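You will see two complexes here that share chain A, one where it goes with chain B and one where it goes with chain C.
This part shows the complex of A and B:
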């Protein structure tokens, strides 16, 4: 067995040393966000500020990164979340992760603080800390142009330098946007990481692995989601679907439907602005949008950015979205948190509670606003602290659309209550992916599991959260898991009576899902249809990964991040949503258009094997072989 | 294992300029050196060396090969998923993903768009997850 080797870099002392991962940790946590959370618990004391020099930021990979398996350029950045005080784990599809592995390391653990701006370079197993004073101040595009073309890069922009709470990292044009990881880089004076090397990435059984990849790629290219819908429309294709289900946040989540949403839809984008589709390195799905901006081809917006710089701020100008998406990227801002914070500020303005010169529907000053946020200029420094902080200063907690402090993604959970539960319980805060992405099964997919019904939602949320966590930890893109929805349903279509019947009947499947969750260890089969990742992971690592143990890995990932949150002072009380979503029905005539967290949470905790206060029980940790480990 | 540069080197920099993994360093007019950790034994340096100063890991001194005889990648287009692994690996920038024929055309693939830049290293074929790139038409060193 080839165990991963990380490097530990202390920027205060300038010391670097190898940090081999033990067999026990490798078998249990594999890598990625799971291992990173475990290491954060081990290596950092409780209660540190995210900006304390002693705080660690971990940039690491999973065993599938760079192996050539589909959609495996995705690497992870974990630290303490600037917005929530809990776990930060941010995922990125840039080439830095696979380059890091080729350069000889599976991960970097960075602590301390450099006196002046630095670039950390990893080349052929050697680490150098280089002066980066001349790079400081550059946007994420410029700084990457200045660095050698062939290297894998991970950089911050002006927002990270000024420690904007939702500053992200850029690797190529891909962002590790969420949780403020860019601000943590800024606090340590890290402008850039670079990596290059030619080491072969080892795979336990190369021959079988190659064969399986061929099969898997063929499967992805045949499936409607990964072979047709995502390549044609990208995630942007969800705008019209969410809008039709009244799950498209509109005017800061006051409503879930905008009659003009088609102006910023994936279809409009594809028909009028798209030059071509592209993708992260290694990905056959290719959901990335390419668009022209000022005569240059740049990355187009994702669904969340279209929704949030569109209907959620009362705007309907697709060209503005393209521009603001690009501006956020080069400044190094997370588009979700930035746009959601702006929507909140607009509502504060509308209600006369604060005045940032922002009004629903007015996009004329937004580029300037983003630049001022990134520069922390004047009162815009308040916006740079995110919605939660703003609501504590100016009021409006009931409509500050975050959970735990992290702004929610562009799914209106009152018409997708499982998604609401996901937002509330997600470890990094209001995140649809960490939250289990139930919206896919309730409101934006081919299947619609009664969006207002609370039955079975807790069980499905647990199942989905575990599956998504395992895919992330392995080093894959979550979109590669979209094939989980059977092709036959796409053939029948959403309106076919079978699809509709399944959606209706699924609310009765709670006990079945609970049973599946309980018998995981004996699920010793692998199937391309369910989770191809398990088989790929087995062939790559030589460890016995089957569907059951793969889901276990996901559950362990979810629990270890939960343990980190609990250690940092978050509690079950923080598994919450703003009152707008739990108290005010989206449709005043339909009382059930709220998220009944009071009903959902107890079932969720029970299904997870947690106690009533949301703490994992001893026996749960024992089952997951995580006992005697809580930090 | 790695290639090495012998005393016959005149320091003409030709190998350093063509090495696709930037493994060769040295001053003009001085004997160059290959970073053994970086070298992938692609043999490009030997093919371009006019002084027969490149020694393979096995101790052989391969002859110089005229550029037009260097191998070139050939992609099985129909099978290509345009995952860009080869494009990323191609540091000289000879490969790219083809442009769609019309808006919405998804049938794109990796292609040798700048053949003049290709050094015939074969890194593209090596990283291709589907193993559908073959190096053809040349004399491997």
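This part shows the complex of A and C:
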């Protein structure tokens, strides 16, 4: 068995050493966010500030990173979440993960604090801590231009340097945006992390692996979602879909539908601004939008950014969204948290509770506002702390749109109640992906599982969360998982009676999903149709991964992050949503357009094998082989 | 009968080589019948399998294919998308 090699880097002492990963940990957690959470529990004491020098930030990969398997460029950054105080796990595409593995390391555990700005360089097995004083102050684009072209890069911008609570990390034009991981880099004086190597990434059964990934790539190219929709529209294509089902946050989630949403839709972007699509290394999907801005071709916005710098702030100018997306990227700001915090500040202003000079529909000062947030200038330093902090100072908790402190993504959960449950239970806070992304099955996809109905939603949320966590931990992009929606449904379309019937009948499938979750040990098969990643993982690691054990990996990932949150003082009380979503119907004439967390959470906890307070039961941890473990 | 704007997007626009038109129709079903008659069975089938929205709202929140159209409304045929 080829065990992963990690390095531990202490910036206070300047000492670096290899950090062995035990066989037991590798078998149980394999890498990525799961192993990172386990290591954070082992290596850091409870109650540390995210900015304490003793705090660890872990940059790591999954076993499929860099192997050539499709959509496997994703690497992970885990630490303590600046916004929530719980787990931070932020995920990014590009070439950095592959470069890190080629340089000889599957992960880096960084602790301590450098006296002056540094660049950590990992080149062909050698780790160096280099002076980066001359890079400090540069934006993420400039600093990457200054670094050697051939290297994988992970950098912070001005926002990270000033420890803005939602500062992210940039790698090329991609971002590990969420949870404030850029601020943690800033707190340690890390301006950049670079990696380069020529080592071949080992695969247990190379011949069978190569054959399988060819088959998998063909499958991805044939599926409507990964072979047609995502290459043509990227995630941006969701704007009109969410709007059509009233799931597009509008005016700080006051509504879910904007008659002018098409002005910032993926279709409009593709028809009027797109220069071409592009993609990450080894990815056949190529979902990235390329657009022109000031005569330069740059990465276009994702769905979240279009929604949040569009209808959610009452704006309808696609060129403004392109610009603000770019500005956030070069400043090193997470677009979701930045735009959502701005929307909250706009509503505070509208209600006369605070005045940041921000008004719904007025985009004239937003670029300047983002720059002031990144620079923590004057009162904008308040905005730099995120919407939860802001609501504690100025009021408005009922319409501060976050869960646990992390701003929610651009799906209005009152028209997708499973997504609401997902936001509430997501370990890193209001995240649609960590939350199980039920919006895809309820409101924006081909299938529509009765968006207001609570039946079966808890069970499906658990299933989806486990599946997405496993895909992420393996080092894969979650878009590669969208092929689990059968192609036949795309052929029939959303209006066909079969598709409509399945959407209606799916609310009766709760017991079936529970049965599937229960019989995982006997699910010793792999199929392209459900979770193709399991077979790739089996062939890459030599470990007995099948559909059932792959879902176990996802469940283990979800639970280990939950254990981290519980250790840091979060409780079931934090599995919550702002009152706007649970108490105020989106449509006053339809009382069921709220998220009934009171009905959903007890079923969710039972399905997870947690007690009533939201704590994993001993028998659950035993089943997952997570009890009393030591590396 | 109402005069409505039709916007064709995604593969349907390529298939019929047209992005928009104005037609007179009473329901969504009549618009689908128009597409089948004017542009052929393949276009009709494609249109039926797309997400259909009236003034930005899914027909499933209205009356499905029986949704009645009002003067000046815009009916769009949108591709199914994914992401996250």
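Heads up, the rule we're going with is that the second predicted complex is superposed on the first by the 628 of 631 C-alpha atoms of A that agree within 3 Å, B and C clash if a C-alpha of one lies under 4 Å from a C-alpha of the other, contacts with A are read in each partner's own complex, and residues count from 1 in each chain.
One rule holds for everything that comes next: contacts are C-beta pairs under 8 Å (C-beta built on N, C-alpha and C of every residue); 3 or more make two chains touch, one makes a residue touch a chain.
The model shown is predicted, which means the values in this text are computed figures rather than measured ones.
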Contacts of A:125 with chain B and chain C, given as first, second, both or neither: first
Residue contacts on chain A - larger count, chain B or chain C: C
Chain B versus chain C as contact partner of A:232, first or second or both or neither: both
Contacts of A:68 with chain B and chain C, given as first, second, both or neither: first
Touched partner set for A:221, first chain B, second chain C, both or neither: first
Shared chain A contacts, counted only where both chain B and chain C touch the same residue: 232, 271
For the chain A and chain C complex, residues of the former touching the latter: 224-226, 228-230, 232-238, 240-241, 243-246, 257-259, 261-262, 266-267, 271, 287, 302-303, 432-433, 437, 440, 444-446, 448, 478-479, 482, 490-496, 500
Of all residues in chain B, those that touch chain A in their complex: 21-23, 35, 37-40, 81-85, 87-88, 91, 97, 99-100, 103-104, 106, 108, 127-131
Sites on chain A touched by chain B in the complex: 67-70, 95, 124-125, 149-150, 196-198, 210, 213-214, 217, 221, 231-232, 270-271, 274, 276-279, 281-284, 286
Residues on chain C engaged by chain A in the complex (per definition of touch): 9-11, 48-53, 55-61, 64-65, 76, 78-84
